[in-house]
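Here come two complexes built around chain A, the first alongside chain B, the second alongside chain C.
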Partner chain A sequence: MSTVTATDRTEVSQQRSALSRASHFLTLPAVGPLFALLLACVYFSVRTDRFLTGANLSLVVQQVMVVGALAVGQTIVILTAGIDLSNGAVMALGSIFMTKLAVHSGMPGIGAILIGIAVCTAFGALNGTLVTMAKLPPFIVTLGTWNIAFALTHVYSNEQTITGLPTSLTFLGRTFPLGNTDVTYGSVLMLLLFAVAWYVLRQTAAGRHVYAVGDNREAARLTGIPDRRLLLTVYTVAGVIYGIAALLLIGRTSVGDPQAGQTDNLDSITAVVLGGVSLFGGRGSIIGALCGALIVGVIRNGLQLTGVPSIYQVLITGILVILAVSVDQLARRRRT
Partner chain B sequence: MKCDVWASRRRRAGAMVAIAALSLVAAGCGKGAQGSASGGEITVGLITKTDTNPFFVKMKEGAQKEAQAKGVKLMTAAGKFDGDNASQVTAVENMIAAGVKGILITPSDTKAIVPSLQKARAKGIEVIALDTPPDPQSSADALFATNNLNAGILIGKYAKASFGTKPAKIAMLDLAPGITVGVLRHNGFLQGFGLKQGDPGIVCQQDTQGDQAKGQTAMENCLQKAPDINLVYTINEPAALGAYTALKAAGKEKNVMIVSIDGGCTGVKAVQSGQIAATSQQYPLKMASQGVDAVVDFAKGGKKVGGYTDTGVNLITSKAQPGVDSKDVQFGLANCWG
Partner chain C sequence: MTETSGTETRPVLEAHGLVKRYGHVTALSGADFELLPGEILAVIGDNGAGKSTLIKALSGALVPDQGRILLDGRPVRFTSPADARRAGIETVYQDLAVAPALDIASNMFLGREMRRKGVLGSVFRMLDHKRMQAEASDHMRDLKIGIKSIKQAVETLSGGQRQGVAVARSAAFARHVVIMDEPTAALGVKESGMVLELIRQVRDRGLPVILISHDMPAVFDVADRIHIQRLGRRVAVVRPAETDMAETVAIMTGAAPGNLDDAANGNGTT
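This part shows the complex of A and B:
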């Protein structure tokens, strides 16, 4: 008898926790963007039978992998109430370093990749130093480094596209079969970046500190969080991620292109904002940013498949961004 | 407090639903006349450098008209800026996924686009480059373009015919280093005029990126260097109009001849008003309509076209010179773009 009761109790409590888990899930910040993403997918699946195929969905992920990776770095910066305008240009510089060293200087792929990532990391550290030590606003700092990285890219590349890359640089563009679908290694790496960022932000003290500093830097400092060191780390880690994005970019296009990434800073901010991350810092989920990036990719791909000129994608993205920020503002006002 | 947070989150979820719904409405509005690509219908893709340059607007118009006439579907895409390779790569992939029979493309980055073109061709899609060849040119099935060397030769000959034995002091307002189109036009002009690169008659040479403001700056600098310039070669009409502005500011517009290339409507009007003496007109509309024709032929069981098709070029001027074939301004205006 007593054992039965015990089992009943456990079942009840399990049911309860399942219920509360379900309701908790509905209130997660990434649910809105996820829902929007699913809705867009359903819509395009109905409109054209070419949308919902493994090959096409794999293609969409592949098409957002560069901006998606940049959005990981952008998200952690924005969570601290900062912004990074330099990421696309820094990535382009990194990719030119990687390709030029490998092709023109004959350096082994791994060495070229490490130097490219180091260049991006140095830019991240420079952003972080200027924001924390010189106390300059992130917008201004990264506006400056954006132009610096852009100019260095063009000077170093001599405006020439670098072709004939070794496979040691382009391996992320290769595919492996998953069921009947070819998936690129780059897509997996991007998803992995999101998974790691999600774990760190959710489950580690450092991750929670990012939220705390972004929500209220002074309060965070008073509770003993080393705010300056944290910010410096965030910008530097973002730099590392831009270096990885540079490698993804090379894998995707198989060339070193000095013109690359010119609008990727704004595109990554778009993804982050569509994902429900607050530009005021301290609120939002990295998974939301992934959904944001995918929403842009799905709309672009879906509209193309249904024969709508690409300019409408830009129009719709613009409307979505304003709506997403409005929602964030409403949420903030209710909270305070 | 906690309740408030929950309420705001729920409200936020509601708003996100509204966003999603709106995106669908917007998408629905956009679709208009065009239906889905599936089924037996032939679809042709057109990818231009940008959506805004009048040259590409005319190209798109040509493709649309021809697609309508042939009863096929046209799918279009463009980069966000000149040189935006990533958007063109994405567009090629999406068009492959959409099942197009052929892709007409003006590559923004002639080398970087090559792997994507190869991917499309591997799927049996006919790839035709319009206006600008990819590098190497063999990575597209065919090229429909202006012969830029000829375009340069025409204005070179015209300038030579009007100068006769009078010594020319030439300023050359070029495109940018290493861009094939610019090099061909430049060399064509010299060939037509009967000069070699490095001739002392070429007193100034500057890059303008084909931009009006940069053309003006370049001309101002050239006049500082050599005030006695009497002939200006320009890569395109915006650069020509920039040069004219600089010459006018210096009070020299009457004694200096400007020759150019493009044949845009603004440029032809400038020929009409005498700001530009002559311009070589090219035909983006023809490139696109012939491209659509070629793809339709291929889709209906014909062969893929190959090689290079010259879409023609005409010299437009209101002061014809003996020995140099030209068309008048009326013809130019009837065939101009933009």
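This part shows the complex of A and C:
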């Protein structure tokens, strides 16, 4: 008798935990964007049989790798309730440093890369210092550094595109075979950036603190989290990531182009927002941001394959951004 | 409860002659304070009486210009809330100082996260979510705060439950004192009652509680003693059982003299 009840109880509790796990999964912030991404993939697979091929999917990832990498930095900044308008311009400046030092000054590739990353890191640290020490709004700070980085890029490059790069700079554009598909090393590096960011945000105390500071900075400070040091670190790490994005950019284009990355700041924000990360901070998932970047890439690619003029991709992206932010706002209103 | 007639009972937390000036404004002019083991001590006072300055000094949020603070008889000097927390003094704030988007377990261990054992924890800094969730569940159960899941976001809780999370967090980590700064100010009547019950439970588990409140019925309901602050000083310590609200308010507003007006002579009413 008693054993029967005991088994019943375990079964019930098992059912309940499976159910609660399922309902927990549905509340995960990346589920919506993931669903939208799958929907877009299914739609284009039905419309054209050229979409769902290894080569094409590899191309999609390749096309989003630069904006995707920038979106990693953008996500951690936005999670702290900040924003970074400077990332595209900072990346461009970093790529000009890398290419010009390597080609015009004959510096070894690795040295040029490190200096380029250092320049991007310095800009990140400058953003972080102005936000935390001078207590200026991130929007204004990064609007300023965006223009500064943009101007420096054009001054330093003399408006010249730098060509004839050594392979020590362009290796991320090379491919390796995966099954029947050629995959670029850059695509793998971008996915690796997302994986590391996911781990830090989800599995370490530092990551939890990023969320807490973005969610309720005062409460975070009262629990002893060094909020200013954390913000400074976030902006600086974002700078490092923009440096890596600069290397990805070089791998993708094989030149040092001062005109590169001009709308990438907004594109990275688009990816983050489509990924369900709240612009008010403290909510969202880095995996969502990856989905967001891929959604833009898939729609662009799918429309091209189905012969729709590419300007419609911009139109659709605009509608999706407004939809995504509306969902976030609605959810916020329901919560309060 | 505590024997105050026996002068041997050593206060857990005490302050002598605290002074704090802001320019020409004197917020504390030689304030004394005394918290005994196992009691709920309410601190009341009109606006500008120096009540919140006193509490900030005790919780490390500000450093007094003069005076001494002793914890368990030993002099301490707090320069930040983190100092006070390290010394075993936890504070619950009125404005529900929790991160609403984070789950209950994350909130409870915020700033004090537990890492996995071994290489995962030491090298990869990996959090032990399971253990934190289990311990957070225990703390919530100890205080009989009913929740659906320890993994639910704090914003899905009612105001009283959210304050419950903050109380459970402080009770879990405080070794000496829990300070509650207007813990019911943001709550409705029913929820306030729930939080007052939590305050009793914290005391009954052996932690003395300092309760700052404007809510006189609540103060008379739960406090063992009442510290009355006026014009930057402690003017009286009364026991709810031996006085009434009208008299207490009279002392608080200066209409009646306090029992400690002339000197800071240690114990309260006898």
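Simple rule for what comes next: the second predicted complex is superposed on the first by the 313 of 336 C-alpha atoms of A that agree within 3 Å, B and C clash if a C-alpha of one lies under 4 Å from a C-alpha of the other, contacts with A are read in each partner's own complex, and residues count from 1 in each chain.
Please note the rule applied: a contact is a pair of C-beta atoms (placed from the backbone, for glycine too) under 8 Å apart; a residue touches a chain by one contact, two chains touch by 3 or more.
If you're wondering where the values come from, they're calculated on a predicted model, not measured in any experiment.
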| item | value |
| --- | --- |
| Larger contact residue set on chain A - chain B or chain C | B |
| First, second, both or neither for A:36, with chain B first and chain C second | first |
| Which of chain B and chain C A:319 touches, first, second, both or neither | first |
| Partner chain in contact with A:63 - chain B first, chain C second, else both or neither | first |
| Touching partner for A:206 - first (chain B), second (chain C), both, neither | second |
| First, second, both or neither for A:55, with chain B first and chain C second | first |
| Footprint overlap on chain A, comparing chain B with chain C | 335 |
| Parts of chain B lying in touch with chain A, wherever the complex brings them together | 4-13, 15-24, 26-27, 30-32, 34-38, 43, 51, 73, 75-78, 80-81, 83-87, 89-91, 93-95, 97-99, 108-112, 114-115, 176-178 |
| Chain C residues within the chain A interface of the complex | 81-82, 85, 91, 93, 95, 97-102, 106, 110-113, 115, 124-127, 149, 151, 155-156 |
| Chain A residues within the chain C interface of the complex | 20, 24, 203-206, 208-209, 211-212, 215-216, 218-220, 222-225, 282-283, 335-336 |
| Residues on chain A engaged by chain B in the complex (per definition of touch) | 26-27, 29, 31-33, 35-36, 39-40, 43, 47-50, 55-56, 59, 62-63, 66, 159-161, 163, 252-255, 257, 259-263, 276, 295, 299-312, 314-316, 319-320, 323-324, 326-328, 330-331, 334-335 |
